[in-house]
Amino acid sequence: MNDEVAPILSVKDLTVEFPTDDGVVRAVRGISFDVRPRDVLGVVGESGCGKSVSSMAIMGLLPKSARITGSIKFRDRELIGLKPKEMRAVRGRQIAMVFQDPMTAMNPVYRVGWQLGEAIKAHNKHFDKKQIRSRSIELLNMVGIPQASTRVDNYPHEFSGGMRQRVMIAMAIANNPDVLIADEPTTALDVTVQAQILEMLIDLKDQLDAAIVLITHDLGVVAGITDRMQVMYAGKVVESGTAEDVFYTPRMPYSIGLLGSIPVHTQDPGAGARLKPIGGAPPSLINVPPGCPFSPRCPLSDGTLCETVDPPLLRVGPGHLAACHHSDKLAAMEDPLRLFSAVAE
Amino acid sequence: MFSFIVRRILVSIPLLFLASFIAFILVVNTGDPLEDLRTKQNVPKGQIALQEHRLGLDKPFFERYFSWLGHAIHGDWGRTVKDKAVWDQISRSLGVTLKLVVFAEICSVLIGVTIGIISAVKQYSWFDHGATTGSFLLYSLPVLAVGSFLKFFLAIRLNRLLGREKNPLLKTIGESTANFCNVRKPQNCGFIPATTDFLTHAALPTLTLVLITFAGYARFARATMLETLNADYVRTARAKGLDEKRVILKHAFRNALIPVVTVVSIDFGGLIGGAILTETIFEWKGMGRVLVDAVTKVDPNLLLCWFAVTAIAVVLFNLVADILYAVLDPRIRL
Amino acid sequence: MTDHPPIPKPEPASDISEEILLDTLADHDSIEREFTVEQRTQWKTIARRFSRHKPAMVSLVVFTLLVLFAFVGPFLWKFKYDQVLKKPAGASNDWIRPSWTHPFGVQKGYDVLALVMRGTQYSIRIALVVVVLSVTFGVIVGAVAGYFRGGVDNALMRFTDLMLVIPYLAAVAALQRNVKGSTWLYLSFFLAMFAWMGIARVIRGEFLSLREKEFVEAARSVGASAPRIIFRHILPNTIGPIIVNATLAVGAAVLGEAALSFLGLGVKPPDTSLGKIIEVGKGKATTYPNEFWWPVLVLCLISLTINFIGDGLRDAFDPKQNRVRA
């Protein structure tokens, strides 16, 4: 933890809206967070909660039709409203991104060396062919591709899924970025290689002195490796704090629901022996009803306050924020993690 | 690569033989080539029998087919009912047709694909709306209407406007002026006057073909580009910090090129037998004219050769499409 | 922890009532009933999406008017197509030009409006026969090839390729040459013979992907026969592409027939069609333009409206509807 250090990336009140034929989709509804140098921030939530959209907003990769408000600052420089040319200089240089599906994220018609070289050349115009090639091989070595000097001439389809994701990471770190956003980097991969990829990401973070924003729907992925994490639901941050805060003293029922949805090995045979899905589905982001967006699925919902007033994100402990009208009830509970299983039984 | 091409050619050959057989069935059922002769008065029986024998009509079906095929394989396409060499006629009209369609197709592809790319990149802009609507309308209009409009409406008015009513600039009949170059007009026999004469004749039919063809390519290129522009690898390219021009050309367009090239080369194969209406409207003596003549006059050898040439073109350019696909997409194993 | 309100039940996924769901488990017939309940709402959404496509709606109206013009018009119009008109006493040579009596003018002693009505009728009639035949055949070939795959698929697709090698206008022209007398039905049949390949390929593609879906697995696992799976389970799911392609095929058939007749290789008297009228009128396109341009205009209208309707239907059947607006 290094709260006293100035954040390298600071997001304030970010909202993203998309006009569609059926109405305006409010994908991100006012989120704020800070990323400090060498931090690992975990962003957790189910699909459609706005976690990918906010990362695309940071990268400036949203379609033109998207309406973005709020502020995204990188080293005190506002990124929203930057000219395309200025934003290009940031993208892939200061902030880089690793995407979910390595099968489709690489251009099928070019050799991986060409695609790596392109990333290098984009921010190092003075590099000649030889320098680019040796840097490409160096990068492939860094991400653990065996026989990098020959593999550099292969096409993406000649790599396995895990190897392709390594190449994608090599592409992302080509210019020693300060922030690396990894959007579900292991979701599309075989379970056996997921851990290797995560381990490598953390190793690289130390080597490169970069901060990592790790986006995932899988709490198990962030468990061991993040300093801070935030839980997102229906376009909002509903809980944020250290990994310990969220794991051991969750103050928002949705976080508990997420915790219940991952398989855990525990000493206590009563708790977590069975997976507890959260009933229902997240609300439509076109007409978000008033009140807490989680209330229709929440065992704690009181039916009045919860369904009329959207709870603000409030401090519930040192560095621990939660958006729930009844977080005090959770704090008073003996075993809040059994909230959903109590209902099921 | 070489073995891939050989393999594809080996697959194409039986296809061509089967196609020739189907064409033969069609031709046999077109009618009696000697109908005129038979209905005429005082034609000696012997002469009819002689003609029947010359055209092979007296042989049984299969014998007739294999005899034709055997000669055709050796490049002997037989003689017409009027006893002229089939190949002379076909090769002459093939030249006329190629002069028209090749240039028109190249223009259509260049214009269509360019418009399609701009439309896709600037999706929902005024340009996109205009181009999409315009190409939809042109795509839906019959060749008949476009050609007739240019010939009977536009040409006359344009020529009048240019004050060239006596000696019109835009010619609407034939591929060249009859007797343009002869002993009395030696000044017309040079390269420049001949080319100019050709261009004034070719302008309108080419425009007809371009108008009806480019629209299809524009629509196809737009749809393909929209797909590749939304692909994950294009997002990756942007995330690298590449400039938009490079993202569009090197990533989106390079991938969109694969289906576009395939479709264009397949279309190329259909061109030779595909401009019949345009040729007829502007009265060019191309493959379209040969077809109409061969069918109405029931000329079996001429019609068979026509089918053979068009079928070979189709198969050949399908092969080209396959090869180009393999060249452009490294995922295809050769 | 029991002192909380009950968790609200999730919304039912569709508006199938519980009763029907229970029936479904009870007997087989109700599966069909459940199916129709879903279908009806699906058709409603398709109709709603189609009605939002303005050019398609306008085209539908125009095309309907054209059909009425072709099939009802002849009964209402004062001149018949085969009524030989004499130059009225005292009239100038201009009597054959358009007037209130003959809005489209007169061609070789016949009223052009009556001729165009009849030509349109023939064109549409021919196109409908072509589409019914070619779509039926194409769907069967595509379904069988896509469902059975392997050798059957290979053989059928090679046959499809083969038919595509031969230019279809030329093939139809060659066959049509030898037909005497009333020919439009033969012509439609010949056109259909060379027009089924496109839809066969589309349907094959649909079948190849649908046959891997869970509901087909399920049907197979309870021992449904191949024809039953093809016709009752997979085919209803390809209705979208079939309708779209059939619609576009109407336009293609009208144009194909017009092209042949324009070349003088299509319908023969006493039959007629738009292409035939255009062929007769083309010699006088500049001197008596009405005899030529009216049928051309009707031909354009048919082609345009059909394409717009097809476009609207494609949008309506395409589930990827939530397009982001500019």
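As written, the chain order gives the labels A, B and C, with residue 1 at the start of each chain.
Just so we're on the same page, a residue touches a chain if its C-beta (ideal position, glycine included) is under 8 Å from a C-beta of that chain, and two chains touch if they have at least 3 such contacts.
Worth saying up front: this structure is predicted, and the values here are computed from it rather than measured.
Taking the mean of each chain's Cα atoms, which chain ends up nearest the overall Cα mean?
The chain sitting closest to the overall C-alpha centre is C.
Taking CA centroids for every chain, report which one is farthest away from chain C.
A
What whole-number Å value describes the gap between the mean CA coordinates of chain A and chain B?
Computed from C-alpha means, the inter-chain centre distance equals 55 Å.
Measuring centre to centre with CA averages, how many angstrom lie between chain B and chain C?
26
Compute the distance, rounded to whole Å, between the mean C-alpha positions of chain A and chain C.
50
Name the residues of chain C that each touch 2 or more other chains.
Residues 325-326 of chain C each touch two or more of the other chains.
Hey, which residues of chain B end up touching chain A in the complex?
231-233, 235-244, 246, 250-251, 254-255, 258, 328-331
Which residues, counting only chain A, touch chain B once they are in their complex?
59, 61, 84-85, 88-93, 96-97, 99, 101, 104-110, 118-119, 122-123, 155, 157, 168, 171-172, 174
Under the definition above, what is the set of chain B residues touching chain C in their complex?
By the definition above, chain B touches chain C via 15-16, 18-19, 22-23, 26-27, 29-31, 123-125, 136-137, 139-145, 148, 151-152, 156, 270, 273-274, 276-277, 280, 288, 291-292, 295-296, 298, 303, 306-307, 310-311, 314-315.
Sort out for me which residues of chain C touch chain B in the complex.
158, 161-167, 169-171, 173-175, 177-178, 251, 255, 258-259, 262-265, 275, 278, 282, 285-286, 289, 292, 296, 299-300, 303-304, 306-308, 311, 325-326
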